[in-house]
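Multiple structures are listed underneath, in structure tokens.
Each of the next two complexes has chain A plus one more chain, namely chain B in the first and chain C in the second.
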Partner chain A sequence: MTSGNTVSAKIFRYDPAADKAPRYETLEVPLEKEMRVLDVLDYAVENAGVAVGYRWFCGVKRCGMCGVSVNGKPVLACWEKATPSMVIDPLPNMPVVRDLVVDRSALEQATLEMEPCLKRKEPYESFPEPLTHRDFEDAYRLMTCIECYVCTAACPVLSDANHREFAGPASLVQLAKVALHPKDAGERVAAALKGDIYACISCYECSNVCPVGINVLEDAIEKLKRRCAAQSESNPGAKHARIFTDLIRKFGRIHPPTLMRQSKGLMQSVSKMSMALAMYRKGKVQVRPQTVQGIEEVRKLFKAVEKDQ
Partner chain B sequence: MPRTIDTDVVVIGGGAAGAHAALKVHAEGLKVLLIVKGFLGRSGCSIFAGNLQLVNTKVSAEEEEKWLTIRTKHMGGYLLEQDYVKRANRFTESEFYPEMERRGLYIRRNAEGKFIKSEGRGTNVWAPLQGYSGTFVMELLRKEILNKRIPLLQETMVTSLLLDEGKVVGVTLLDILRGEFIAVRAKAVIVATGPSNYLATRSTGTREQCANGFAMAYRAGAQMQDIEIQWWHCSDIAWPKAWTRLHIYPNPMPATKETVRLYNSEGEMFFEQGMYPLAMQPYFLQLKHLYPHVKRGKARWNGGYFAGYTHIDPSIMEQYSYQTQFLKALGLDLSKDLIECGISWHMTLGGIRTNTETMETSLPGLYAAGGVGSHGVGTITFVSYDGTLAAGGACARARAMQPPRLPEEQIAREEQRVMSPLKVRSGDGLLPAQVKKRIREIMWEKMGYVKSEAKMEEALGQLAEVREKLVPRIGLDSLSRTWNYDWVDALDVEDMLDICELTIHSAKVRQESRGAFFREDFPYIDNKNWLRHTVMSRDGNALRIETVPVELKYIRPESEREDFLSADY
Partner chain C sequence: MKFAYYPGCSAKTTCPELDQSMKAVAKKLDLDLAELEVATCTGSRQIRDSNEELFLTLNARTLALAERLERDVMTVCATCLLNLTEVNATLKQNAELRRKINANLAAVGLEFRGTREVTHFLWVLLRDIGAEALAKKVARPLRGLRVAPFYGCHILRPKDVLGFDDPDSPTSLDTLIRVLGADPVAYDGKKRCCGFHVLMTKEDLALKISGRRLSQARDEAADCLVTTCPLCHSSLDPYQSAVEKTLGRKIRLPVIHLPQLVGLGLGLAPRELKLEGNAVSTAPVLEKMALQA
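Let's turn to the complex of A and B:
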């Protein structure tokens, strides 16, 4: 039982080199004003003498190294406020090194493979470059990404074994950050496709958990996807996105049989025929695409959005 | 013999000094190994560089003198090497900014493309937010180093410098992830472990910064200089504890002439930078103004006084400060609420004694770059200069020499020392982190901003007690070698005790007050006798302390003796 004045923390303990299986260690910690999860972990070691392993350096959202999972939600321990009852686990989607310490090296490698360094078309001239805040507006939204990989930990696609090639949201933010720099001329579409960007299901989990408040999906991933759709002829994901958009532009909604046929081809469409029939019987699809009422409004929206780009 | 790695130059430390050193050695075509106790560009203090000074000393002699005065007088209490300050300013304007912008650094501009600056003297800029500039600089340096595949060991603690015939010929290290002890052979070593250390309860040093750089250099016989002079931050947030390093900048702010104000517990305003227009970095002055309020019980060193932006248009903080989100998370409304503050142990002005033209130390083969050196910097652009300079010297040395011989006996002894904490704690045993906490408490209580002979003697007594009673009780929870941070903590305890004691011995020698250094029993600036550096070195197991005069090439204080609390530096 916890009173209002204590934190009951159930902390994941596991040393794969020495322990047969993970276990939890529960301790009571006095709750202090505006206490953070990191304070609870510090208390465990420094006051209670519980040798839990956790990483941190700065305590104030600069180092990006104190990611843990609290009651199932990936967070930064320095930023997240402690609550009376917490289960503290290591971040998911990464191998455990010890207790709450995870091995991020594979994810960091994925970021590095995106080559997230500025590649200028023209050589740099002199300081200061004649650029305005407007030129940086898109890149600016991503500038305080500290690469804490909390978004990647929250990504449901990465926990799906079918998407091992997906680079994950954190790496895509790093790619977008450099791709959106006004002077960048790197091969960013190729990198995004290599990172299997279309495996992203646009579920917003990354945006929801970002500790520095970046809208990861809209301001990074969708911006890259749009660039891919516009520039890649052959990538199936990019092609699918273009057909999807065209259908909406034309009819105001998608028409699954047309989308399927145009995107995946006749053979794959035929293989899904039984599903299509079932959907037809239940009135979920029509044989021919139907234009929605008020299509003029949809077209106006398209015009507005495309003008904006 | 443990596994051995060969390289030309070892760089220890993953902040701006170490990163610049590694990039420069690599660019020179030599083999470099960069070793970071935490993570490159993530641990250490460079990530905290909140403001960037847009110096332009080339334009006029006045501008050059202005910056010389700010650094030498207001940030260095006249103990800095003045030619060094001039050269570092030139590096800042002609190399640092162009190179960082080339890499992609965005200094915040307005819609017309003009920099957002502090008004009035207009020299601070931000990339892109106040409080975030260093994080951004380090991100770009880190990516460049990773992209160039420069050899890098992270979560790796350097435990000692290896010596052969009085020359530094390599290092020993502990790979924290795997628990492996390794020896590295190198022709030159650059130590760049930073100015801040987590040595007092309230500190700005990050978790891993436990004076290891000072300790390894001192033990190897290097001279230390002015390590008694400790900057304290006056306005860091009081709570929650995790956010101790959240700094409320006293410096000029973006797009306004106003600066943050400090208030005592009765709401009486006692400081703002505008009171001293010439002191752009008024850190020492803030503390002098806080002191009487603590004396009168209207503030405590760890709370009970406040910072406020209530006189400033809230949109300024909203648009230009990284800190604002923290203050909002505490439910503060900056247009009317004040922020409770405490002071924190920040940077050591001194450090390993360095030649400021080459960054050489008193030990052949050892260079010190950045805040770990003795030349009192504390600016990300200056430490970047140091790294570049040290790398130049280290490369010249490495080119001129054959691979050195490794001292096998010393390596064996060091391996034994590093392995010695691997024992399980007994019933009344303590985790090393618990002993670190006790050391920090002693330093906070007895070696705070206000020092005196009596309190320093008490601190030495209490530290001796830690050695005698607590250290023997240290044990680990597990003997697993995989990421066993308790093991690292145990090695830190030794370094912390040595350097805390050294700091106190050095402080006892300086019988005056100056800049960040305040002795209540000597409350005056003694320019007649104390425009001197303290220099300490190891003499067998004894400590040798001398003093050497400071060279005052361009500017000097006007009076021989000044009242410390009323002086403007």
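Let's turn to the complex of A and C:
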């Protein structure tokens, strides 16, 4: 049933073996009720003679294969509503095989290197394991991940900064899924640091695009970072978090010059001298830390928290 | 309109111009702000990334202080907005956790009851004051000024926690810019990250991220960029000279705090808004408005 309206779809076309450069092919598709992006692509091939390459299997948000970028946002083609004007690109942050088909093998390799399988402390006893829902809560939340890599496609650390040392959010979800399992005893902090977890900039782009609604940053990455902060002596990101916390204990608020000196070390801080001086002239640097009023209260709270830990 | 004002660490240290302009604009808008002077840092990303109970306890204290004043919290920092909003929601929903955190707060004679809300100055402008009422107060429309909105991650995402604007196509700051008589610049970077949270630990990475935003805004012929968060402001303003070195390109884009821009529209003098306090000179903006610094 058509509504009389059309979808104008501008589709990315590129065959690296034959084409010098990518191009776009625009076509008009009759807009149908409840039409999905996947339906638009099906129409292109079946009714419009446009031999665009794309990948899909289940069509119901289970297999995680049909990721594409629509108007700049990574989505699943099978779960995204078609809109009157769409630019459909392959997922960013991975090489193009042809048209909308991408090669995820490097990202999948990064996941494999994290050894995301349960490594038990003790041998498996028998079914059922004595686990409560609560024991299992954190890991369970991540078990709905369908490994579509849409979160990794949205990550600006990879796209804007091309920081390839970062394993990306999808691999970290797989790592967290086992790390948060109550029976796991694997070396998860080492794996997280190897995947350069502290390159995460806490922007929530991954959480924003997850098709199954996982808050990737808070439910996976942040929980791993907490373990790293507790267990890693030397990692600069872990150290920075501890230095930051100690400054709050001492002053109640941050004193940026002290934070910089302690976190970066004296030598690297000296390299920032000209900027610091310019900021000082603008009244942006207080040489001595200010302490918030009622700091005694704050310290009492630190004590109350640390007593439990 | 009464609020418990939570300025955040940056407005009290690296961005005094934010605190000063907020107070000047509050007077002009009849906002009665009671500053939470004894409140601590909300922990940025660092405390929540390392000690969840401490994160909850420190922010529960700030919220309890506002409850004691019987006022909602208004902040000018997006990261503080998210931290306080999340802790408020978490403790309201989870009675067991609330009991645990309140046991900590008992050490200082406070209790979190969950009776107040957390908001941002941008939301107060559009939701509490309202675009129409605000437009009537604009004494000096910023005609012809091309302003690049820079929303900041933690005022947009996660959507189910914040909920005020659409993270995929946000409009609130664009609307505000129009209310002030200026023209919002369209560019993808407006809803993206500034890189601040790795600035101390991975500066090269942070500068590449902020460099993308600044060069996009520059390419769209913006006269200035406006931020809702002093952390974004730090990445984009004092670090702009470092960004220029990374990019190998001059940017020289004035970066203005939200209350400074509002203050200009309301007719306040540049000095009252401490526009001389921004790292990149704001003189080109004032020249375009034919104003004396």
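Here are a few things to note about the model shown:
Note that in this section the second predicted complex is superposed on the first by the 281 of 309 C-alpha atoms of A that agree within 3 Å, B and C clash if a C-alpha of one lies under 4 Å from a C-alpha of the other, contacts with A are read in each partner's own complex, and residues count from 1 in each chain.
Just so we're on the same page, a residue touches a chain if its C-beta (ideal position, glycine included) is under 8 Å from a C-beta of that chain, and two chains touch if they have at least 3 such contacts.
Please read all numbers here as calculations on a predicted model, not as lab measurements.
Looking at the shared chain after the overlay, A:297 reaches chain C, while chain B stays out of its contact range.
Judged by the touch definition given at the top, the superposed model places A:202 against chain C, while chain B stays out of reach. Once chain A of one complex is fitted onto chain A of the other, the partner contacts of A:236 are limited to chain C, with no touch recorded for chain B. Contacts of A:277 after superposition: neither chain B nor chain C is touched. By the touch criterion defined above, A:266 lies against neither chain B nor chain C after alignment on the C-alpha atoms of chain A.
Using the contact criterion defined above for the overlaid structures, shared-chain residue A:185 touches neither chain B nor chain C, since it reaches no partner. Listing the residues of chain B that touch chain A in their complex gives 38-39, 42-44, 47-48, 97-98, 101-104, 106-113, 115, 128-129, 132, 134-136, 139, 143-144, 146-147, 177, 206-208, 239-246, 322, 325-326, 329-330, 430-431, 433-434, 436-437, 476-478, 480-486. Those residues of chain C whose C-beta lies close enough to touch chain A in the complex are 9, 12-16, 37-41, 43-54, 57-58, 61, 103-105, 107-108, 153-154, 156-159, 167-168, 188, 192-193, 195-198, 200-202, 205-206, 208-209, 212, 238-239, 241-242, 276-279. Put simply, chain A touches chain C in their complex at residues 72-73, 156-157, 160-163, 198-205, 207-208, 215, 217-218, 222, 225-226, 229-230, 236-238, 240-242, 244-245, 248, 252-256, 259-260, 263-264, 275, 278-279, 282-286, 290, 292-294, 297-298, 300-305, 308-309.
The touching residues of chain A, when paired with chain B in their complex, are 15-18, 32-36, 38-39, 42, 45-47, 49, 51, 53, 56-65, 77-79, 81, 97-98, 101, 112, 115-118, 120, 124, 126-134, 136, 139-140, 143-144, 146-147, 178, 181, 183, 212-213.
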